[in-house]
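Here's the structure we're looking at; comments come further down.
Chain nomenclature is as follows: A, B, C and D, assigned in order of appearance, with residue numbering initiated at 1 for each chain independently.
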């Protein structure tokens, strides 16, 4: 088997192979650029393929494109009317979030080291956020999570280099429980249909626990956990109808949520039963004719239709709709929020200084920062100043007069739906949602 | 022994080269290499099965078990020694494979492939249901030590890289010997003609059983290393697409030589990283096209570039 | 000479078809036995039953006074019964040499090694010796797919003999081999058999070959043995002449009879 | 009792969908021995074709009921075109490879088609819900079902019956079965295997697209819907026995009913049902329900 000349050939082959590889690595596009003080590079990581691309990835990517372009032109409304970030032009390096935690850790390292980005904004999947956070810490790279929801990130650990400008998933569930009890004070039965993965489990557990704390006599009649992306919910809908709850909670998102609405509406699931769709806002325009009247819709924060009226929001709605032919949904808001948060922090750090502020300086400025966004004021006050809190809003869908909108909108102040710093969400719920100010 | 001397010195040279590269290369590159070495271990297991004519679409099962063993040992039991947890990963994978192998060793072809996949997906389902283990989000592995010494986070990457190189060297040497051993050839014999093997007094099922366990142990080691390197485990490791990726790499490498597997694994990571980079929207298309081109032009894998040349040289 | 193989009332039926009925055979040490009979007479079924590939419907098989009924082919191989195949069963993507080396190593080892090389110098030498014994040493490095049919037949038999069996069962060793090669092939095989001191039973359609090489003949007809006698006597038996030889194809036509029984999977 | 009946209806509705999804897969495997992963893409292409047509049709205010013919036609057309392209463009070059290699070939095709659909239709959701509600509802034991789903049972049975009839009772079908049985002999008998392969693959693709098209009205058509059904279809086909139409039907019913039982009684185990059933069936019948293992003749 081992021929006399094969050893030499192998070495030769390997030599060629490795030189090829090094060539590829070394001369690849975007290989290590020298630090440039006139540019601020941001890695943007979001889903561009798979089931999360349509509902989350692409709207957020679109928002990033729009916001970055407008900022570079200096055409954003105040207080963001200065060009770029602290005068530097913003450049984006877009990466697909597909592939799971291991893959994303590799891509993250690429971004930070090979592409030399100044900050990374991204991550929709909570699993990816959990995987990335320690790596960000290890590589000492400023990282902003814009969408992922798990409260575990800052509850299990404290991070210096990681920020999250989006809200946790706990808030959705706690506020949903408060809202439905505000609307139906003598609620007796609830049921849940949530996707069989961490997001679905957490959303349902938090919602169920909150309901139990707020009104212990509510009975859970069934909890369904179909597989994510299952698409067909016929049997689950039958099971829900058989148990006949007053309220059906679902944290389905994207295609799954839309499928549930379509199939549920066609079969009258929501007739006489109120649905709570914690991410339902993304579908309220395009499925306006199928969305049952009175369905409780969430937007994972004061985003989309729940965003307050201000210049930034007006700008985002007008410009986004103009460019992409559809109103911005909450992922677009959250991405905008992350970029604006970064801009605020960098500019605060750069104030009265020459050149690009260091990562350490940006972090110092970012901690406990308060900044304005289309969703109103954002306060980085949890997780030692790294986790944003905002008010949470719910309302009910209405299509009266053929114009989709929301009614009975109720806004819950941030303190009412967020745990105080230093206590985990689960504990906070179990201990009775105390230390809160709710009106 | 004389028989393996050349290949062994080749492996040793590659090992030294890798160590040197690790010291010089940037962090992202050594991470990529660590992951490709870890995945190469899994793929070598797959190649062992392929040489016996079997394709497992479920090596993710052991890759994931290995990862979770390391994670659970470190995170929940506070056993942090890198060598110890890797050993645990291999033992756990081996034990599970010994149980499932009893059933699987009777299956061939597509049925083997589908059944291995089913088992892998069952583990995926169990992990998704395990809220204590973080469900689909998985959990992080915080501390790793080596004989009581805890490298800081800044050094850990490099240490794991060295560990992966060492593991790769050991596996390469042992598996190269294995490929040329009677049991190694028995695999090829089974692929070619099971009836003859039976009539040579050897049980194909028993050989396949042993190979299945070996492949699982290697996959467990690969999963464990991946977990150490990425610091995170999640059930995605057991999802069928992960297993499909291993088959992809195995096909890229071909079954001719252990070294080909390492090259293929590395090449795969490079291709994928650059595909992500060059075409964030259409990287799947690049991967798919690469796959088709390999099957079409290199049906016997990468090593055939090399062997064809050798054969051609022989004629002249 | 003592009896090594003994079958008692061996029967096999596939549904309504009886492939073998009440086969009572004794084979002695170092005996060369020819088996004749038309296609479907039960010859291969008999070999398949003796080697454990088919489970008999009834009857007993003793090998060296040990009941081997129900043992798997590999057990039976281990205790000293080997066989060759009508269609050679080889490792077709490997070389002839590798085929023999594997056969030697698998047959002889009680435990297969996982780290020592298969192709040690001594194993390769032994294998080359074996190829030379069968006159196919020139093909050592050729891949099996490139071998001529006669060479494959010889290789198949060489592999069967790798374990130095006490009893060798050859299923149509000359089928598919060109007419002029049959005698040289059988000469080679029979020399090897004699040297190995194994008893040999072979299935053959060519009566000249049967007449030349065998001590004794078993004639099968419709699953039964209709004659079991020294060669000359058996070949002149009236029933045998009527039912077996009469239906056998003449030498000129044979060879085209070759038909693949391996189903495509 | 009520629950039992509802489980039965749910199970049958789901089974009929599963059968539609798996029918093309088992046909292609039966004739060509290709376990076609790109079947998922065909499903997606069918769904997209139907959905984009329905979206246009209903915005243009034509007679609603006529849409059924057209959107099903669109799905089929999408499948036929994609099937032809894949067979002529890729598979043709790979025939004769190992079965497992062919799986990987189709995996490559799947990856490419996944991005091709994204290039054609983008990543935004497409909806085709109008035909879903149009047919009204029926109450069974107090539970409302969409008539569309119930009619789908009929469609599924029809497709199955046509396939069975086509394979067993028509001349072309008998030729197909000859190819299934022995490719070389049928070639020797003058059957044009190349043409048979084209027709089979196109038929299989069209069936996959039909399944996607028929499902589209109940779905939000988004990237990735094709990938999700592959494993489901594989499981159904493997349970029934690869290449067997009857097997696919029984496999679909087995999985569909088991899943409905799980959803109604132990929703916790829904995720395992399909793999559990598959592992169980294969451990008892190693080649699936409708295929018996045969010993090789030597």
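Everything that follows uses one rule, which is that a contact is a pair of C-beta atoms (placed from the backbone, for glycine too) under 8 Å apart; a residue touches a chain by one contact, two chains touch by 3 or more.
All figures in this text were calculated on a predicted structure; none of them were measured in a lab.
Counted by C-beta pairs in contact, the busier of B-D and A-D is A-D.
Distances from each chain's CA mean to the overall CA mean are smallest for chain B. Centre to centre, using the average C-alpha position, chain B and chain D are separated by 33 Å. Remark: chain A and chain C have CA centroids separated by 73 Å (rounded to whole angstrom). The mean-CA centres of chain C and chain D are about 49 angstrom from one another, to the nearest whole unit.
Here the CA centre of chain A is 35 Å from the CA centre of chain D. Touching of two or more other chains is recorded for residues 85, 89, 119, 265 of chain C. The set of chain A residues that touch two or more partner chains comprises 1, 48-49, 196.
Looking at chain D, residues 114-115, 118, 268, 271, 296, 298 sit in touch with two or more other chains.
Those residues of chain C whose C-beta lies close enough to touch chain B in the complex are 51, 72-75, 77-78, 82-83, 85, 89-94, 98, 101-103, 105-107, 109, 112-120, 159-160, 162-163, 265.
Note for the complex: chain D touches chain A at residues 2-3, 6-7, 9-11, 13-14, 17, 114-115, 118, 123-125, 127, 129, 132-133, 137, 142-146, 148-149, 215, 217-225, 227-229, 259-260, 263-264, 267-268, 270-271. Within the complex formed with chain B, the chain A residues making contact are 1-3, 5-7, 9-11, 13-14, 17-18, 21, 24-25, 28-30, 32, 48-49, 94-96, 99-103, 105-107, 109-110, 112-114, 126-127, 130-131, 133-135, 137-139, 150, 152, 157, 196-199, 201-202, 205. On the side of chain B, the complex with chain D involves touching residues 55, 103, 106-107, 109-111, 113-115, 117-119, 121-122, 125-126, 128-129, 195, 240, 244, 247-248, 251, 281-282, 284-285, 287-292, 295-296, 299. Against chain B, the residues of chain D that register as touching in their complex are 35, 90, 93-94, 97, 99-101, 103-105, 107-112, 114-116, 118-119, 231, 234-235, 238, 242, 268, 271-272, 275-276, 278-279, 282-283, 286-288, 296, 298.
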